[in-house]
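Please find the structures below.
Each of the two complexes below includes subunit A, the first together with subunit B, the second together with subunit C.
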Partner chain A sequence: MQEMRPLTVWERMLAIDRRWLYLTLFVSIIVFLLLPVRLPAVISPPVRKFYDAIERLQPGDIVMVSSNWSASTIAENQPQLEAVLRHLMRKKVRFTLMSVEAQSRDISLRLANRLAKEFGYEYGKDWVHFGFYTDLIVAIKGMTNDLPATVKQDVKGTPASQLEVLKGVKSLKDYKMVIDVTPSSTVPYWISYRPKNLIVLYCPTSVMAAEAYTFLDSGQIEGMITGAKGAQEYEQLLGIVGLGTRFINGIQFSHVLIILTILLGNLALFMQRLSREA
Partner chain B sequence: MEWLQQFLPFSWDRLSVWMGVICTLAIYSILYRENPFYRFFEHLYIGLAAGYSLGPLLVDIIHKYWIDPLLHGEWPWVFVVPFGLYLYFIYSERYGWLSRIIIGILIGASAGLFFQEFASRYLPQLNSTLSKPLWLTSANPNLVISNVINNWIFIVFLLAVLTYFTFSFEHRGPVKRVATAGRWFLMIGLGAMFGNTVMARMALLIGRIYYLLSDWLGISIGGG
Partner chain C sequence: MWQIDTTTLSGKVSMALIVLGAFVLAFGLIPVLQTLPPRGRRALIAVVTFLVGAFFAAEFFMPLTQDDKNYLTPGIQPAQNALQIIGSLALGLGTYGLVRLHLRNVVQKRGQWGYSVVLLIAFVTMATFSIWNTLAEKRILARTPLLDRGFSLLFDYTLIQLDAAMFSIIAFYIYSAAYRAFRIRSIEASILMFTAMVVMIGIVPLGAYMSEQLFGLPREVPPNAHPFSLEAILYSLRLPEIADWILKQLNAPVQRAIEFGVGIGGLAMAIRLWLSLERGIT
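Up next, the complex of A and B:
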């Protein structure tokens, strides 16, 4: 009977059960999340432009926040929406929320309610939620022509004509900007069908961000917050500690771990091939 | 003991957190191996998401834009829903032609909207590309050398990638080399997209772990 050849260290490395890698990742994220250090962010130009655009707003200006995310991307979109709403409330800007994602209707309403209490924002007077829309194009075109007639009523059933926040607002043309917080490709619709005076700001998940650089380059969107990493940069600009800041240790070090495992895996494969050829 | 009372699901808030924890652990159990616990919660998630969307649909769309106007005397709306239901005649051999009325309207509207979308979406990008300054001139006093280098990189990459997608003639000689470079540039772009995808997936995992540590176990994260 032929004696079994002992496995080399490279072969053993390649034969590691992937579940050990999952466990290592899980444990390392816990450790890095618990670290009592906060890594500083380098502010990227799209985040800086986003911040500057909101800084230019005047108290009383009105902004549309299109919140289109569900529970599945809460880790990326919630830190973004929270940071942006905080900034709007600091600037004493009026805002209206809308969603083309059913879950986001309630998630964004709950989040805005919590922050409104903190900043003394009054529902109906300083902000309002228009609810859920099935078709974004129809909603944008309708609001561009006649906003109160399209909206009809808010999520609480108050007619649009009785909402103080919409005082003097006839259409989307009276808004200063739209902020799209989304994991879906909704921003091209805002770019295409909005009134041309409306500035577009974008908060995509990291997956969607790469595609948006063409819009940034052409000036079709003025600023962008990319996922939780972008939210951390934005929180740093605002001088607050939010979810983005809390997640960043885990994000940074998990990337280091992934890069290390890719390098080790490739090295092991390379060395195994070398030893076979020898 | 007080900590234990706050930790256990003795209130509605805590019960919802515990439910979230059970759902999270059930979904992640697939990483160990396929199991019925995971399968059950996977179906539960899909069912909940579908069921949940029905509520806003009924309240914010059907009631607001159909039932309410009808109750306020706007009777022509009565025709809208039956007209929309014509779409389901697609399953009937005899009345299938009725569905084509709705399909025709939808296609016509989409085509019309697409013209506007195309012009608003791509023409500004085309304009931006064609108007990129490639030299330092007195007409552009704000332009610095780094902008010019950036613009040249953009134009070179763009032309190389476009060459790769030119299929009207065989790629030979210098054209082949440019097309190959274009393919490499595309790979770099796709690599950046993949890197972003990894970051997104990691953030989602971290979000769940944060929920387990912070909301469930009450541990302070990221230095408070």
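Up next, the complex of A and C:
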């Protein structure tokens, strides 16, 4: 019977049980999330433009916030939405929320309720939630033609015509901007069907951001906050410590871990080949 | 001409009659469709699809007057209301299918029918509290402590946590897959890996920290510096600047090319759907 050759260190590394990898990542995320060290963010141009666009708003202007994310992307979209709503409330801007994601209706409503209490924002007067829509294109086209007729009522059942926040608003043309917080590719619909005077700001998850650079380049999107990392930059501009700032250590050191592991895997492959040739 | 004023009595009566008529028509249409031969059914669906598609296309392409409207624009709102209703009906149909399937699993005690029981209990409980919560928001039903606690327990502390946890598991699979699959076997793979690493580090604060502390590159460039001055060149070698350049100058054109391709494909598919040429649509 042929005797089994003991595995070399490199061969062991290449055949490592994936559960060890999972454990390494898990420990890394936990340790670096708890690490009190905070590195300052470099503000990327899309985040700076996003911030500047909201800074240009005047008190009383009205903004549409399209919140279309569910709990699966909460780690990226919640820090974005929270930072953006805080900025809008600081600027005393009126805003209306809507969702084409069923879960997001409740998540965004509860989040906005919590922040509204903090900033003294009154529901119905300073902000309102229009609820869930099954089709975004239909909703945008309808609101562009006649907003109250499309919306009909808010989540509390108040008719759109009686909402103080919509005073003087006939359609989306009366809005200053739309902010799309989403992990899905909904922003092309806003770009295509919005009234042309409406500025589009975008808060995608990190994985969706690469697709949006073409719209940023053309000016169809004025600014973008990329995932939790973008939220950290935005929080830094606002001078607050929010979820993005708390999450960034976990994110950046996970990146480092992934890079180191890939390099280690390649080193192991290289050494294994060398030992075979020898 | 497309809108009905529901604040008046006559408007309310007209609306009620229209709703009743639509209800009778919709439920009357199903047996009529069933009696039609397959070819007739296909023809009917193709005609309706073509007419509705033509309406939306004509409204979009027809010239606008000064108030950004054309002759067809007022008809868009009712058409869109109908689309919203159809979308909602599709949700209802999906729910009906799901419940029917799992009820059958339980009644016939098929394999792993216990999971179907869990699904049905979870479905009924969540739906009850969710509908109750929505009605309480609209002040149709009273908001009680049971509702607040129950909805919060089910939504905030169960559904959201489970959903977030399930999605976060992907990170572990990606990590394991990256370790096994990202091998330098060709020049292309090496370029891809190096680019990915630069972007991954360049976009996070650690990239700036490493550029300044490890490589000694400047934090900023003087405003009046020449683009080819040493400071400007050193500044552009920082990891965040390289990552930004990759995203803007390499990624964006490629994405644009892909989107052009997808757009043309989407247009062709839309025309095929509109003309009912796509197999299986009717």
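One rule holds for everything that comes next: the second predicted complex is superposed on the first by the 274 of 278 C-alpha atoms of A that agree within 3 Å, B and C clash if a C-alpha of one lies under 4 Å from a C-alpha of the other, contacts with A are read in each partner's own complex, and residues count from 1 in each chain.
Assume a residue touches a chain if its C-beta (ideal position, glycine included) is under 8 Å from a C-beta of that chain, and two chains touch if they have at least 3 such contacts.
Remember, predicted model here, so these are calculated numbers, not experimental data.
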Following the superposition defined at the top, how do subunit B and subunit C come out on subunit A, clash or fit?
clash
Touched partner set for A:Leu33, first subunit B, second subunit C, both or neither:
first
Of the partners subunit B and subunit C, which touch A:Leu115 in the superposed model: first, second, both, neither?
neither
Quick check on the superposed pair: does A:Val241 touch subunit B, subunit C, both, or neither? Answer first, second, both or neither.
first
Counting only touches as set out at the top, which of subunit B and subunit C does A:Asn266 meet: first, second, both, neither?
second
Let me test your reading of the model: by the given contact rule, A:Ile258 touches which partner, first (subunit B), second (subunit C), both or neither?
both
Could you tell me if A:Thr134 is touching subunit B, subunit C, both of them or neither one (first, second, both, neither)?
both
Please indicate which partner A:Ile74 is in contact with in the superposed arrangement: first for subunit B, second for subunit C, both, or neither.
both
Touch check for A:Gln220: first (subunit B), second (subunit C), both, or neither?
first
Let me test your reading of the model: by the given contact rule, A:Tyr22 touches which partner, first (subunit B), second (subunit C), both or neither?
both
If both complexes are laid over each other on chain A, which piece of subunit C (40-48, 76-84 or 202-210) hits subunit B?
40-48
Using the superposition described at the top, list the residues of subunit A that contact subunit B and also contact subunit C.
22, 25-26, 70, 72-75, 103, 106, 133-134, 155, 210-211, 214, 217, 226, 229, 248, 251, 254-255, 258
Which subunit C residues qualify as touching subunit A in the complex?
3, 68-69, 73-74, 76-77, 80-81, 83-84, 87-88, 90-91, 133-134, 137-140, 155-156, 159-164, 166-168, 171-172, 175-176, 178-180, 182-184, 193, 197, 200-201, 203-209, 240, 244, 247-248, 251-253, 255-256, 259
Could you pull out which subunit B residues touch subunit A in their complex?
31-32, 49, 52-53, 55-57, 59-61, 64-65, 68, 113, 116-117, 120-121, 124-125, 127-129, 154, 189, 192-193, 196-200, 202-210, 213, 219, 221-224
Name, in rising order, each residue of subunit A that touches subunit B in their complex.
19, 22, 25-26, 29-30, 33-38, 70, 72-76, 102-103, 105-106, 131-134, 137, 152-153, 155, 188-189, 191-193, 205-207, 209-211, 214-215, 217-220, 226-229, 241, 243, 245-251, 254-255, 258
Can you list the residues on subunit A that touch subunit C in the complex?
16, 18, 21-22, 25-26, 39-42, 44-45, 70-75, 103, 106-107, 110, 133-135, 138-139, 141-142, 145-146, 149-150, 155-157, 173, 195, 210-211, 213-214, 216-217, 226, 229, 232, 248, 251-259, 261-262, 265-266, 269
